[in-house]
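Here chain A shows up in two complexes: once beside chain B, once beside chain C.
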Partner chain A sequence: MIQLRQMNKKSSRLKYLTNGIILENPTLILMIGLCPTLATSITVRDGLGMAAAASFVIIGSNVVASLLRRLIPATVRIPIFIIIISTFVTLVDYILQAYEPGLYQVLGVFVPLIVVNCIVLGRVEAFAYKHNVLDSMLDGMGKSLGFTLVLFVMGTIREVLGSGTFWGRPVTPAWFRQYPILLMILPPGAFILIGILKALLNKLMKPGS
Partner chain B sequence: MPKNPALIFLAAFLVNNILLIRYIGLCPFFGVSTSLNTAFGMSAAVMFVMILAAWVTWFIFHIVLVPLNLIFLRTATFILVIAALVQFVEMFLKKSYRALYSAMGIYLPLITTNCAILAVTFLNIDYRHNLLQATIFALGTGLGFALVIILFSAIRERLDYAPITRSFRGYPIAFIAASLVSLAFLGFIGLFGLSL
Partner chain C sequence: MSQSKVYMVLSLVVICLISAFALAQVYTLTKAKIEQAKIEAVMNALSQVLPNAISFEEKESSRVWFGYDKNGNKVGIVFQVMPRGYGGPIGTLVGVDSTGKITGLRIASPAEGLKETAGLGLRVREDWFRNQFINKTKNELRLKKDGGTIDAITAATISSRAVTNGVREGLERYKKYWSNDSTSPNE
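And now, the complex of A and B:
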């Protein structure tokens, strides 16, 4: 009996991690955090850079909010969460500026804007404030993986079709690179691509439709 | 970036439209653009708070943070200041201007986490705008937000009645419609020599 309960607990733990990847994917299912997804998926490298920065903030603030959850009074929790989140955002801001100045230039205003990314505040408020540190960390990692997956897929498609390269290396014939589908790296391409991805996901999740 | 106020306005309003070209503030864009009424309320609230936030954060940055060498605190300061400002505006409107409050009151709390507002305050600093330029930039961005969200809500009201394959209904078709509107806005590139 006890063993069974432990097993159940273990599988629910694992669920915190795996839920975020497809079933509760922050971008494609919950439809939050759209701005950085569309804006920074022009190339795979930029997309993964954004994903790494956001993941650091999501996991870090989930852990800290969960550590402090007994000390934070419910009435002023939102301002306190915002302070925790903006601490991590400031850290990322300065780390990127120091070690990855090229990436920092490309991401631009989207680095400080992680502070208003609904994924971060949403997870802290809905999950970390009510769960222990380990679960909150797993939940943060799961949501980050889901976000990273979408950025990777979109970045790959947009970079291959829009500039004919992958991670800066040419992967398509020279004629294609000379006349790539320029639309894909422009804003309309991002909107069309996420629309098609969302429709595909709808189709896969509800096979009857 | 242009320095002339008229060009700053045009760049923020059309050429670098905050929703369709810069992709900032998309959550409220897709969330409240389902009907014309909510689109009007939301864009009025955004324009109003955007200008106020641009002023307040400009003063805080140049009078408090820069002289005290506290620029690294700008992210935390700006978001808390905007959150407090929105609360004050909400209380003030509730008490003094009931009609205005009933029109845009329910959208005010949502604005605290609206990235468009925060983005304008950061961009004002990145572009080294003075107070006049910052105001014009906020006004142009707010009007650009309103223009697109109101145009788009009209499109979405029509989309509700259109025969669309089931897996494309809702968000997917909205994204594709946004893509076409965004394509139209790309046509403004080059207007008066303004670029992306």
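And now, the complex of A and C:
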């Protein structure tokens, strides 16, 4: 019996990690964090840069909030969460400026805006405040993976169709690069693409309908 | 009740202090590196448009730089102009040698604030357009339809003309810097 319970616990632990990838994908299922997804997925490199920065903040805030969860008074938990999150965001800001100035310039205003990325506060409030450190870290990693996956897929499709390149390298014939599908690198293209992805995922998850 | 209020305030104060302390530490650690990265970015841009120079001296803040070769001789200048394009100013860095010939052109990227339309005005960043300016002098710097030698981008005449005229006006405005007369010792 005890063994079974431990087994259950282990598999639910693993679920915290894997849930975020598809079943509770932050962008496509929970539909949060859409703004940075649309804005920074013009190229694969920018998208993954955003994903890395946001992942660091998501995991870091989840761990710290979970560590402090018994000390944080419930009445002021949201301001405290925001302080923790903005500390991590400012760290990312400094580090990117120092070591990846090119990427920092491309991501621009979206780095400071990670503070208000709903994925971060959402996970801290809904998960980390009620779970232990290890589980919170796994949850943060899972949601980060899901966010990264969507940014990678969107970035790949938009860069290949919109610029004819992948990670800055040409992958399509020269004539295509001369006249690529411009819509894909413009904001409407991002909206259309995320709609298509969401529709595909819905179809896959409910095969009967 | 009052105790919990005190605790509420105290917890906020403590967390702010910890956060401020951590950020101060990281700020001191990265400050030098950030400054260096900024200077490197400017130097990279400058040497792109004036390839013969290996060191630069800022003459007018963010507008004019002098370029020197390894012997310390002035080989030309770089100036920045912001002609008004279709969507806003087009940040353009121009390298000029001492005879008034253009040595290179660099146009800011959208990430640096360029607002031209993708696929149209934004094409002023393409190599073929920028390379048309190299080795040209002031009087050649007009669009072909304005009687000069620069091919405009199809359907983006406003942006093409803005850049071309901006470069020409900059050459005129900063003549005292690039022409040899200005190197006289009583400057």
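Basically, the second predicted complex is superposed on the first by the 209 of 209 C-alpha atoms of A that agree within 3 Å, B and C clash if a C-alpha of one lies under 4 Å from a C-alpha of the other, contacts with A are read in each partner's own complex, and residues count from 1 in each chain.
Convention: a contact is a pair of C-beta atoms (placed from the backbone, for glycine too) under 8 Å apart; a residue touches a chain by one contact, two chains touch by 3 or more.
Just so it is clear, the structure is predicted and the values come from calculations on it, not from any experiment.
Enquirer: Where does A:Val63 make contact in the superposed view: on chain B (first), on chain C (second), on both, or on neither?
Expert: neither
Enquirer: Based on the superposed arrangement, let me know which partner A:Ile32 touches: chain B (first), chain C (second), both, or neither?
Expert: So A:Ile32 only meets chain B here.
Enquirer: Just to be sure I read the superposition right, which of the two partners does A:Val44 touch: chain B = first, chain C = second, or both, or neither?
Expert: neither
Enquirer: With the two structures laid over each other on chain A, which partner does A:Gln97 touch: chain B (first), chain C (second), both, or neither?
Expert: second
Enquirer: Quick one: chain B or chain C, who's touching more of chain A?
Expert: Comparing chain B with chain C, the partner touching more chain A residues is B.
Enquirer: Given the touch rule stated above, what does A:Ile72 touch, chain B (first), chain C (second), both, or neither?
Expert: Second partner only.
Enquirer: Tell me which partner A:Leu186 touches in the superposition: chain B (first), chain C (second), both or neither.
Expert: After superposing on A, A:Leu186 lies in contact with both chain B and chain C.
Enquirer: What is the contact status of A:Val116 with respect to chain B (first) and chain C (second): first, second, both, or neither?
Expert: A:Val116: touches chain B, not chain C.
Enquirer: Report for A:Thr87: first if it touches chain B alone, second if chain C alone, otherwise both or neither.
Expert: Both partners, chain B and chain C.
Enquirer: Based on the A-chain superposition described above, do chain B and chain C contact any of the same residues on chain A, and if so which?
Expert: The overlap between the chain B and chain C interfaces on chain A comprises residues 79, 83, 86-87, 90, 94, 108, 186.
Enquirer: Mind listing the chain A positions that touch chain C in their complex?
Expert: For this pair, the touching residues of chain A are 68, 71-73, 75-76, 79-80, 83-84, 86-87, 90-91, 94-95, 97-99, 101, 105-106, 108, 182, 185-186.
Enquirer: Write out the stretch or stretches of chain C touching chain A in their complex.
Expert: My answer: residues 4, 7-8, 11-12, 15-16, 19, 22-23, 26-27, 30, 33-34, 37-38, 40-41, 109, 111-112, 118-119.
Enquirer: Taking the complex as given, what residues does chain B use to touch chain A?
Expert: Within the complex, chain B contacts chain A at residues 20-27, 30, 72-76, 79-80, 83, 113-115, 118-119, 122-123, 126, 165-168, 171-176, 178-180, 182-183, 186.
Enquirer: Can you list the residues on chain A that touch chain B in the complex?
Expert: Contacts found on chain A: 31-32, 34-35, 38-39, 78-79, 82-83, 86-87, 89-90, 93-94, 108-109, 112-113, 115-118, 121, 183, 186-192, 194-196, 198-200, 202-203, 206, 209.
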